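Taking it in order: structure first as structure tokens, then the write-up.
Should a chain be cited, it is by its letter among A, B, C and D, assigned in written order, with residues numbered from 1 in that chain.
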Amino acid sequence: MITPYFNTEEGAPAPLRAAVSGRVRFEEVDPLGIVWHGRYASYFEDARVALTDRYGIGYLDLYEKEVVAPVRKLHADYFRSLRFGETFTVEAVLHWTEAPCLNMEFTIQNEAREVTTTGYTVQLMLDADRNLLLLPPPFYRAFLDRWRRGGLA
Amino acid sequence: MITPYFNTEEGAPAPLRAAVSGRVRFEEVDPLGIVWHGRYASYFEDARVALTDRYGIGYLDLYEKEVVAPVRKLHADYFRSLRFGETFTVEAVLHWTEAPCLNMEFTIQNEAREVTTTGYTVQLMLDADRNLLLLPPPFYRAFLDRWRRGGLA
Amino acid sequence: MITPYFNTEEGAPAPLRAAVSGRVRFEEVDPLGIVWHGRYASYFEDARVALTDRYGIGYLDLYEKEVVAPVRKLHADYFRSLRFGETFTVEAVLHWTEAPCLNMEFTIQNEAREVTTTGYTVQLMLDADRNLLLLPPPFYRAFLDRWRRGGLA
Amino acid sequence: MITPYFNTEEGAPAPLRAAVSGRVRFEEVDPLGIVWHGRYASYFEDARVALTDRYGIGYLDLYEKEVVAPVRKLHADYFRSLRFGETFTVEAVLHWTEAPCLNMEFTIQNEAREVTTTGYTVQLMLDADRNLLLLPPPFYRAFLDRWRRGGLA
């Protein structure tokens, strides 16, 4: 990845990070012997869950607040293949924005620490009636405040 | 299949049937070049949906009646492989029982009309509080009555 | 989609198109009641297979020529949700390029003909030793010639 | 499970065991809020891979010996549901048989150590031409000998 997926706002707090490791499952490998490209959304999801759980903004946390955050944009760049049985790590990086949306970037590395895949997702927040939120809801406002003050490092 | 999966009760009305056709997707094929055995639950599901929709006892019909019917038993026997791009048919056969459960049998045939896979599922009915129903709920009782009187043929 | 995913080269022949229809499967729907975003790669794949099969450049055609064309870039934009049981169409559009790569765009429409999802993939061609092809191999050169001369319309 | 899935032969060596732990992924959960029944084949597979890798009879080991062992029978019994985010363990137990087949039993337990799901698979061995092997191939014969002599405990 030469160009960053997201622009960094001036004075933005450092992004939040979480990583998980996984191992390629038999049924994730296609007839060409490599992980089918569509499965990586699932690997990204594993890291998304790890990151959002760590910071209290996971699916179930949002559910309690009557907010959902569906994915509105998914992108993946494939540089190297993963094969059956390989172990890998997926890192998710949440970039700062004051908008009620989650801009998350992903990097997958193989055992040799080579980058195999990068990508990003954008999630928007909706209320219980599935209306787009134009401002962060209170719990997310509080999360952003803690983040900006460095309380999540 | 030599032995039938379900015993036929004396005097039971003829089973109900529905079939769908499909085509093997690229990502359903494993590194051995054949459909991964775990995907067949999805093929069975396609036929289950076709059958239950036809007779008004689909997921959404049950949902309206505040009943769910989770699968409690799944079985599959694999005789021949399916490969990428092959078309096939899946037939679902619902066997008669007065109990609040769905006993369904499946047969998959390839283009040459050879049986590739057979199997069955058993679904039990639960109410909105996820308690097991010991007797068929009214709407299902009505469905069974129509079936027995030949009104579903 | 406001900006087109691919630039049209001056004098390029019209893109090639193919469409398939599908129906949302039970297991494709997530706990929020909508198709999980990662499944759309599979819907795109269905249309990719239809298009490449129609024009003789499918997985098996390439396999015979000892060429593979893995996906190197995947992108999806989600505008509306699809729900359990909905039928939809996926159209694939192959854009002209003389490079040994497949630039394909996808549009999914629901029953009301509303665009629910758009996206694209870029596939590069590799030879049997998994080396990147810098020029189109002969069979693909012939395909491009037919396309340019209007023989594929 | 009241009846055992496999009969124990008189004088058979103790079964071989391996367990893995997992966590329910978001996309594995269906609209009813529970893991879709068809996903358990994948959980079983994780334990199968762990067990066969541990004892040197995994997919890649067999591949080197030009043997494949496709699943010919799959069975699952569902007792309790798993929900999003739950962690669980899957234990695979390989039962003794001198035939060239793998009789494997699976037990899934939730965090409370309650059995949620049990099941089994039967795999038959085929040679490189996909002919059924009637006798264990030499490498598997050697594996059985070590097992019987207690060298795998």
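As a convention for this text, contacts are C-beta pairs under 8 Å (C-beta built on N, C-alpha and C of every residue); 3 or more make two chains touch, one makes a residue touch a chain.
Please read these numbers as outputs of a predicted model, since none were measured by experiment.
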Farthest CA centroid from subunit B: chain A
Expressed in whole Å, how far the mean CA point of subunit C lies from that of subunit D is 37
Rounded to the nearest Å, the gap separating the Cα centres of subunit B and subunit D is 25
Between the Cα centroids of subunit B and subunit C the separation in whole angstrom comes to 33
Listed in rising order, subunit C residues that touch 2 or more other chains are 26-27, 31, 38-39, 42, 45, 59, 84
Contact graph of the chains (line, ring, star, complete, other): complete
Note: in the complex, subunit B contacts subunit D through residues 31-32, 34, 37-42, 45, 59, 68, 70-79, 81, 121
Touching subunit A in the complex, subunit D uses residues 25-27, 42, 45-46, 49, 53, 58-60, 84-85
So, in the complex, the side of subunit D touching subunit C is made of residues 26-27, 29-31, 33, 36, 38-39, 84
